[in-house]
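Read the structure below first, then the notes.
Order of writing sets the chain letters: A, B, C and D. Residues in each chain are counted from 1.
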Amino acid sequence: MQGLLNNFDEAAAVILFCIGFSTLLFHRNMLKKIIGLNIMDTGLYLFLASMGYIRGAGAPILTDTEVINMADYINPVPSALVLTGIVVSVSVTAITLSLTVRLYSKYRTLNLDEIYAIARRTEKEEF
Amino acid sequence: MKIDKEKFSAWLNTDPDRLSGMEEMAEIPYPPRERIKEKRHELEERIDAQPVGQISFLSRKFWHRLYTVFAVICCAVMTVVLLSTVAALPRFGEARDAINELTERYIVSGLKETGAVNIVAGIILDYRAFDTLGESFVLFCALNCVLILLRIDGDEDASHHELYFNLAHDDILRKSALFSIPIVFVYGIYVLLNGHLSPGGGFSGGAVIGAGIILLSIAYGERASGALISEKVFKTVCFCALAFYGVAKSYSFFTGANHLESIIKPGTPGEILSGGLILPLNIAVGMVVSCTIYGMYRMFKKGRF
Amino acid sequence: METFRVILLLILIACAICVSLTKRLLTAVIIFMGYSLIMAVVWILLESPDLGITEAAVGAGVSGILLLVTLKKINRTETDSEDLDTVSDERAGDGDEDR
Amino acid sequence: MDFICNFPFFSIVLCLLSAVVCSVLSGRAARRLTLIVEFVLVCLAVSVLVYTIRTGGSFNYTMGHVGAPWGNELRIGVLEALLATAFMIVMLASVLGGGTYIVRDISEKKRNLYYVLLNLMGAALSALVYTNDIFTGYVFLEILTLTSGGILMIKSTGKTTLAATRYLIINLLGSGLFLLGVILMYDLTGHLLMEFMHDSVVQLEAVGDYSMPLRVTTGLICAGLAIKSGLFPFHRWMPDTYGNATPTSASLLSGVVSKGYIFLLIKILYRVIGTGSPAVGAAQNVLFVFGLCGIIMGSVSALRQESVNRMIAYSSAAQIGYIFVGIGLGGHIGFCAAIFHILTHAVTKPLLFLSAAKLTEASGGSPVFSSLTGAAKRAPFSAAMFTVGALSMVGFPAFAGFVSKLFFSVAAVTHSSAQSIVTLCVLAVSTLLNAYYFFRTVIRIFTPSEDVSPLVYKDWGFMASSAFFLILNLIFGLGSQMIYRIIVSGLRMLA
């Protein structure tokens, strides 16, 4: 428990990840699923970024270009990785949203269970 | 963007909106919700009436439930395991194992090697540029998938694509947009161009500019934003910027791997024209991103440019 | 600052739970946009201004716009009563072909 | 450094650039460009394979002017070159063979986008096979996922859209878990390049700190990649996806995409965590059990299907199970069997999908078994090719499937008693089931029927590609000693 309180940021990030993960897995509504996906991703990025944080250190933008002191800056690698990750997650969001639009225009509902039911019964295929 | 002088003066004199007769929002009769529900219900009943075939619905439901219970248990276990893992990790906010020769070199000699004051920009566009190259192509791939799903080609039935909301005649939106759009653009361009000196860079700048163009199109209609980015411009910019990005980065990978002398020099640190390839790459990425985002918006809204 | 961050993180968790509990989609989308904004602030507090800018532009801006456009489109098509008929006929036709 | 060392890098960049160029071309020109590029890729991969075998060692290729551990790296050994060659040949042959169906299934104005996605997929696969950097692996993994979703959804019917949605959701769950694993791994080791991560892991294990997080990390990475490749409880998207997609997409998805994920998993197990680590042992046991379940469930479900496409799809689920059983058995011979089965499956499944599509077309467009009766008369060449694929899948001697089943039995026998008995039993049962459902189909195809209206046109692309697959199948079946030696030396280089 003490460990969790010490690592409160990471713990919060993991909780966010799990909430997003379960939303993505269990919610039957496509839009909710997509929001869940985004929450899952931001949880991951928060986890990564909070690992690079060092108390008392500043952002990794050099203030003094002559004398560079290591202890003044946080770990820049997680920031770089998260930047890449954010782009990936916005791309995924766009694709899944356009899939949602297509599904809606065909089946007139956002609920995946209903979509399966309609597809199964009208198309005589086992879904 | 062209602002019609006459219209502008009319706006200044707070004339009533000239296009107000064409407002689409009021024209469309919204059928009452109950009727839709009824229709839907009918449809569902008709579907239900069809024979289900040999699939036993009950057993499917049972399996489904079993699956769900199992998945819920798995998620709960995963949460507990992850939390206990987090508790076992080193304390938050302390320099830990991840601070090693990796970070040291990035911070201490990053400026000398890449010419970027913003170390993160140096990492993503120089040290770990291959990831970033991949990342831009993820966006390109997403754009293509959106085009596949939502673009309307020629004679296809486009009825489901018509979107009836059009805020272009909303006075409040227009007037607030008039003040905010220049700020958004200037901010986006600043973030884009100063990616190697201050926080930001190609992607965030491009996203801001893209959002600005979307705001323009919402507030002033498609014609205003279409004058800025038509389909031709969109295609050309995406093609040229991505091709430039790919070729430039390949050149630097190739020279780096074969220990050849690169013609690109980092330049004086801290100046706007420094950082070697970082500035041009940021501009290329920014152009791609803003076009992509606006293109996606258009596809979602109308299915064409 | 530490306390402030902790409070923000708690709000984030609350937002995430609210998103999966709310009934209305519009509320969920707006909560999500707020979530992204708070996340941007958290990143500033974690000394990563690059991420703050990007998250504010992408999470609250672009993703939010795309979600809202989708929602708008879906609402509109839902109220399109004639469509339901044509779609159901088409669907019945599809089924026949498959058999 | 020899000039040939640049070839892996060239192949990735070539794919990316041709994807960009394809986006402004017409559909037909894009197809030509893609075929040329894929052919060049095959040549590049073959020359890298020959080079690595001749020099007998692996080499690292720095992406950029700063070397390890600061920059990105590619790492090319014999195994990577072998896998890349196989994947590229399968891609070329699938694109060549499915040409008529691409024209049929995809509207004309969107056809160039299909080739854009195929090119991106080629780049992602090569990068995934060659990469030495775990985060680069993640980025290109995402490209692979999105492109494979894209080539599914491009055939715009309700069924494919639904199948693509399901596929993407499952895959995104997998990517989330995998990314979490990567992040934890970075936190524990402080590196992103595989060798350096491995050194830190060894140190951590020696000290004894963080054994729990290390186990969790291994579990997360394995779970993520297993979900993405369609291991047993997560295989249910396969029939919809493979059954409804255009044949080229189906053969690419089953032939190379899921194999790309599995190869990344093998690479991480070998090069990052180390196969000797207790964490890997635990993960292997779990994968073993799920692999066995996957074999049984896949085969049994395949038995119950009514259409040929869905039957082949469920059979794919069973084959994924085989591969994971190989990984779970572990040891050099287990991994060797897994990799050999990756190759076998990659050259057999596309052949089955393509020829099944031809047979379906000859029988009036319905893939249901009852309408396939007598399809051999209508399309004799495709029927012959389908039979070859079926024989290989069942494990008929002289074909590749036989050798991989042999490898699995050897791996099982060399293992501890309980596991070996279970594996052998499952192998026997699944071979029987395989034989039953494949031969049932083959017999039905060759049963004479009244209405004979043969396919009139000759599809040269299909003929060429199935000849490709047949030759590869025979090479793997008859020259298995050579392939075995290459794989073993490659595995030794990985460690």
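In this text, a contact is a pair of C-beta atoms (placed from the backbone, for glycine too) under 8 Å apart; a residue touches a chain by one contact, two chains touch by 3 or more.
The model shown is predicted, which means the values in this text are computed figures rather than measured ones.
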item	value
Chains contacting each of subunit A and subunit B, listed by label	C, D
A-D compared against A-C, more contacting pairs	A-C
Inter-chain centre distance, subunit A versus subunit D - centres from mean C-alpha coordinates, in Å	27
Separation of subunit C from subunit D, taking each centre as the mean of its C-alpha atoms, in whole Å	34
Whole-Å gap separating subunit A and subunit C, where each centre is the average of the chain's CA atoms	12
Subunit B and subunit C: spacing of chain centres that average the CA atoms, whole Å	14
Sites on subunit B at which at least two other chains make contact	40, 50, 82, 88-89, 98-99, 102, 106, 118, 120, 128, 131, 134-135, 138, 141-142, 145, 149, 160, 199, 201, 203, 296, 300
Per-residue multi-chain contacts in subunit A, two or more chains	8-9, 15, 17, 20-22, 25, 50-53, 59-61, 77-79, 81, 83-84, 86-88, 90-92, 94-95, 97, 99-102, 105-106, 108, 118, 121-126
Residue list for subunit D, restricted to those that touch at least two other chains	135, 139, 142, 146, 149-150, 153, 156, 158, 161, 180, 186-187
Those chain pairs that satisfy the touch definition	A-B, A-C, A-D, B-C, B-D
Of subunit B, residues touching subunit D in the complex	81-82, 84-85, 88-89, 97-102, 105-106, 113, 126-131, 133-135, 137-138, 140-142, 144-145, 147-149, 151, 153-154, 156, 235, 238-239, 242-243, 246-247, 250, 252-258, 262
Touching residues on subunit C, where the partner in the complex is subunit B	48-50, 52-54, 57-58, 61-62, 65-66, 69-70, 72-73, 76-79, 81, 83-85, 88, 95
Partner subunit C, residues of subunit A touching it in the complex	8-9, 12, 15-16, 19-20, 22-23, 27, 29, 31-32, 34-36, 38-39, 42, 45-46, 49-50, 52-53, 57-61, 74, 78-79, 82-83, 86-87, 90, 93-94, 97, 100-101, 104-106, 108, 110, 118, 121-125
Complex contact set, residues of subunit C against subunit A	5-6, 9-10, 12-13, 16-17, 19-20, 25, 28-29, 32, 35-36, 39, 42-43, 46-51, 54-55, 58-59, 62-63, 66-67, 70-71, 73-74, 77-78, 83-84, 87, 91-92, 94-95, 98-99
Subunit B residues touching subunit A - in the complex, by the definition given at the top	40, 47-48, 50, 52-53, 55, 68, 71-72, 75, 78-79, 82-83, 86-89, 91-96, 98-99, 102-104, 106-108, 111, 117-120, 123-124, 128, 131-132, 134-136, 138-139, 141-143, 145-146, 149-150, 160, 198-199, 201, 203, 269-270, 296, 299-300
